[in-house]
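Next up: some structures, all given as structure tokens.
Look at the two complexes coming up: subunit A is in both, with subunit B in one and subunit C in the other.
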Partner chain A sequence: MNTAFLRSFLHGVHPPESKHLTAAKAIRRLPFPDELVLPLSQHAGQPARAIVKPGDRVERGDKIADADGWVSSPVHASAAGTVVDIELQPHSSGSYKTAIRIAVEPHSAQIPRPRVIPDWHGLSGDELIEAVRQGGVVGLGGAAFPTHVKLKPPEGRAIERLVLNGCECEPYLTTDHRTMVEYPERVHLGLRIMMRCLGAKRALIGVENNKPDAIEALRRTKPDDLEVEILGLTVKYPQGAEKMLIKALIDREVPEGGLPLDVGVVVQNVASVATIAEVFETGLPLIERIVTVTGPGIRRPENLIVPVGTRIRHLIDACGGLTDDAAEVVLGGPMMGTALGDLDAPVMKGTTGVVVLTEADVRGRVTHPCIRCGRCLEACPVFLNPQLLGSLAGKGRLDAMGDNHLGLCMVCGCCSYVCPSNIPLSQMFGAAKTDLRRKAQRETLRGDAAGANA
Partner chain B sequence: MSAFDPAALLVPAGILGGVGLVFGSLIAVAHRYLQVWEDPRIEAVADLLPGTNCGACGFAGCRAFAEGLVGGAAEPVGCTVSGPDEVEDVATFLGVAAGEAVQRVARLLCAGGSHVALQRAEYRGLDTCSAAASVAGGGKGCTWGCLGLADCDVACDFDAIHMNAVDLPVVDPELCTACGDCVEACPKDLFTLMPVDQHLIVQCKSLLEGDAAEAICQVACTACGRCAQDAPEGVIAMRDGLAVIDYSHNHETSPDATLRCPTNAIVWVEGAQTLTSLTGAAPGTPVHA
Partner chain C sequence: MSAESRLLVTAAPHVGSTDSTPRIMWTVVATLLPLLAAGTWFFGPGVLLVVAAAVAGAVLPEHFFGRRGALGDGSAAITGLLLGLTLPPGLPLWMAFVGGAFGIAFGKLVFGGLGQNVFNPALVGRAFLQAAFPVAITTWPAATEEWMTLRGDLFATPLMSAAADTVTAATPLGLMKFEGTGTEVLELFFGQTGGSIGETSALLILVCGAYLALKRYLDWRIPVSVFLTTAVFAGALHLLNPEYPGPLFMLFSGGLVLGAIFMATDMVTSPVTTKGAWIFGAGIGFLVVVIRVWGGLAEGVMYAILLMNALVPFINRVTQPRVFGQRPKEDAS
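So, the complex of A and B:
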């Protein structure tokens, strides 16, 4: 038996893949919209600080907001135009956040200034990291963690292996898939640059077996001098979670509360790696990304290259609009993505896809009492006891949930997916995690106040 | 079977009695020399307190408050659950002054009920505010506004909060003890504890200004600044798209500041808040376009 075929992690689920809508569709470039909305907070960490003012003229690729601290990332204009205002605008999180609004110049050739980012040949590791930082590169897998922070592990921590995540385990999405099929050279170049920055000797790319064309493209284009192994993985969700992927590929477990760093690994998503290569190839910072617009609620599903800051409404219109029975627009995949409340929110650096579901997909189901069947235990990829956590959540016992390792829950949704009683477990856990964080913040504030009084 | 011998009972009775005597005297000695003295007044005062352990006094429950009272670290009036009679009882028992405090109540800083605020998307899922807030902010047009799923009503131990017809929680000032449970329960941080003698309240937390604010809620503060002009110097300032009242000037406030407000965002409250002031128009239609 082929052992590579069995490579995976324990537990998890296998929802319908639904990738056929866009898996074979070549990436198409979306025309520039009339208006761009670029939130200052598109990445994990501190929001950027605006360095332009209303009325300023900007070229494509110009920096318009600077990073505020190390764990932050600059924002660049994704099209030439004029800054209209810096104001509160709808954000995909459902809130309003400060954003730079740019009126895009109609009929502009959109030719960027020559080379914002230097050529990579001959640059040292630190110079490369600085260039990546200046390019505003963040993880494109969803969390949008600034890439330069990952490239600079703390002193004395050796990175043995670089792991590239090409799983794309979320149903519907084909962003990473099309990137690997159409731009495999970029994945390899980005990998080479990352390995130089990190001093890693070996690399692994994990791709799920439902993308044979991606595996073939990566193998075909692999440069002979690059120490990289491309491995097919059993199709299972949430294989793209970094801790699951490390378990699947090199059979190591990241300790509770630890980072992949603790087992000598750095994990990066393939689209982010291709972006690193693109930044050095074109000399342009991260100003556009590939977004899958798909789902049964969209008339013409597509893979699009979209300027960051394009409103979701524009994207949907470009794909033929919504069908009559469209009911819910989800940013990201249907398992971990977030429902969108306002179509005027813009595409950000971390927006992987727009999935439109129909009434039939999202109809409410009646929740029944837990029958203790234990299916959630068998599904949980981090080996928690969702049944116990769920009953604690029902009683509002936040602290007890914390004691039962709620912190490990990544709200992947496997438990809710398998629950025969339709108990919305993962939403309960997500809410409980937020409540615990708020409670901790309040206690810190109270502690500070008491300290100030003493 | 032998005949009953009463003398055979004496041995075990003697042993048990002896053992009892030894341990009894040990306990007597321990009680004499190892006892921790506690002011008997603490127990008595704790009995006079309501025993709800709500924490509104700032102590960890009624017993801790009783210790504070006896130790002089608290005043009887610090218990917001007790009525004037109970407070007087405690003060008389301890022979101290009851102290003076202005009653505080929880106030909701949002008047955007379902009749005036735009609902942009329908929320389906767990029926709590804290869960809804994490899904596109709950689908309400105003991301700062009340979601109306009653987390505060559930959290209130004193039955002082009830949801009204337009899905806003109304606080009964008579029953509210200012314990702060609703303040902690609200994921949008809309409750604040205020002395009842602060009558001027801005019932809005939307940071949007002007038409943008009014487009999503008819009773939003549009930051037009009229209230600031109509109030004495320094009482109201415009900050981040909101009118902000400086309560250190509370004695200078008057209902005059509310008269020209185009959206009724700033109000003069006596007793309970009225949270259904505007009715009729469809949600989302600006009233004063």
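So, the complex of A and C:
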């Protein structure tokens, strides 16, 4: 079905946007915290390897952990100070992970060590990619996939279009929105650099129509020689998912099990692109980011720019603290974000927001039997049958779930959102996907062992 | 920081829509009440007793043998109400009660309760009554009696032979089938005819159904598909042989409108896929015309829906949606 006239994709849901809390608030810079916690695993792929030891002095922007392999990313000190220890620290994933703790120097001017900023015009594609890699740039939209990997598609794969994701379809979050409004030139510069790396001739920026000021800012600042089209999209969740965005913008479906590459597209989030521009403008690696601290459970919602590694507690305190009826602190948006148990976990490169929900906002805990109303089928953006998958999950039939295309599930939460019986469908699918992946790993290992014994 | 010590940690999504299964069910109950009021207007206050008996029959087994708190979801109340609305205004109360109890016990609880049943429980109850009491369930008091008069033999007791002493009137379908007389379509549309308590006013049922469809509490595709199929099939037959009733008569007589809007759309016993909904409705429309025209019964809506209920698992299986980015069969690895 052609969806170009809708400027959207099929199915999906319309949760209340709730962006008014922070949409019009300019980004505010917080004073440096006393302490920073920089996990070695802030990105998709291999964790970085620490290259400092306790007691070392570091300047703002110094590399403190190096990438371990290609799909990995280095970590930099986001403030000048002294390495205290490299120990387990609370992590936004909910567990504890190794992190470098830095005591921030109280009276430092926090001026980064002088460095040579390469003029990007003179650099080749590979040199640009290396600079992005050394800058520790990862996707800022949440998944934190290392950007340099995306910039280097496999040999022989032509990239026709670069697609920038300015949808920010999760309720509450306004970091991409504020980036587009306050730093539209950076978005265009980053886009230009990315197009050079990829050899892409054309680019599209998709922005949902609930951000008219962002669309206006991007159009107003568009350089005349840049082949980019800025398109407003009908508001719908999960439009920011790569596959949905590609469908909405160019009406093509990424094949099942495939990548955007298979339709000649690379998708990047606008904030990540702005960070690429920053790397070349300031010479600073990715050491700070914009975080929306919002929700009805926070006293003074705001958009903050903070050093990566700042503890979440520090952000919440800066926004007036939790209200008395605060019930859940979510990192990221309320549809796909992770609930935080320990407020001492740090802001990471992929932390888009801190959304504090109250008892009235969180999903009810009473479930009813499935009445086969079919709403989940009409919500699923990848046209799965969550009703069937849910009943298979209830019976523990993992393989049958796989046969029914569970692999396509993005765990976007639409099915759970619409379910009138409050059945945790998406949650079960997330768990089943993990189980299936582990099972596949075990079987590979067993196969290897059998091969070695033969 | 007292709020911090009480923080929840749950899996995403952390928010949900405000609709709930009980809200859907109770809204359906509320939209059935105008039909009950219309039935009372046409056939006198006795119908309230019949419907109350059917509801009591449905609710009691659900309460004692169902999930704990199952009554709260409202689904047993719907079953009782729907069954009551399909009964003749003068049916002995104990029969209505038994019908409701049978429907819930054998149409729903034995399958495992809400969401597990194959057949619409209200229709299971009615099919049981049709088999057990074929005379009583086809005795239609006239709509023309003094309003306050209790029709039929409401207070008959089991094992007593009914002392039927009422003015009866055939239903429009019965007239057509057995005497070859038609009824004005307008009369059918507004409901001033003999028939079951809640089935006579097509207009009112359509209005209530439209409300539910707008709230997305019923799948509009099912009734639309039933009506289209019935109209086209009956129309074609009527063109071939004008002795067969025309499409408008077919649509607005008997329980077709009530069945298509309130029975066939039962979420549990209808397909989950949109394509399946069209097929399901078409099957019902087709069977209704076949039974009415060539079958031994005047009315065929109940059996048409029950037969199509049985096909729902099959329909679901063959109408699975094409998934996003699905590759054509041949190059799937």
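Quick note on the criterion: the second predicted complex is superposed on the first by the 438 of 454 C-alpha atoms of A that agree within 3 Å, B and C clash if a C-alpha of one lies under 4 Å from a C-alpha of the other, contacts with A are read in each partner's own complex, and residues count from 1 in each chain.
Heads up, the rule we're going with is that a residue touches a chain if its C-beta (ideal position, glycine included) is under 8 Å from a C-beta of that chain, and two chains touch if they have at least 3 such contacts.
Everything numeric in this text was worked out from a predicted model, so none of it was measured.
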Put the two structures on top of each other at subunit A: do subunit B and subunit C fit, or clash?
-> fit
Could you figure out whether subunit B or subunit C reaches more residues of subunit A?
-> C
Partner chain in contact with A:Ser93 - subunit B first, subunit C second, else both or neither = first
Just subunit B (first), just subunit C (second), both, or neither: which does A:Leu357 touch?
-> second
Now for A:Gly394: first (subunit B), second (subunit C), both, or neither, which partner does it touch?
-> neither
Subunit C, subunit A and subunit B - angle at the middle CA centre, rounded to the nearest 10 degrees = 70
State the minimum pairwise Cα distance, in Å, between subunit B and subunit C in the overlaid complexes.
-> 5
Taking the contacts subunit A makes with subunit B in one complex and with subunit C in the other, which residues are shared?
-> 94, 338-341, 362, 364, 424, 427, 430
Partner subunit A, residues of subunit C touching it in the complex = 1-4, 6-17, 19-24, 67, 73, 75, 113-116, 216, 219, 267-268, 270-274, 316, 320-327
Report the residues of subunit A in contact with subunit B in the complex, numbered from low to high.
-> 88, 93-96, 338-342, 362, 364, 424, 427-428, 430-431, 434-435, 438-439, 442
Which residues of subunit B touch subunit A in the complex?
-> 120-121, 124-126, 128, 130-131, 133-141, 143, 184, 187, 207-208, 212
In their shared complex, subunit C is touched by residues of subunit A numbered 13, 15, 94, 171, 243, 253-256, 258, 297, 321-330, 334-341, 343, 355, 357, 361-364, 368-375, 377-378, 381-385, 387-388, 405, 408, 411, 413, 416-422, 424, 426-427, 430
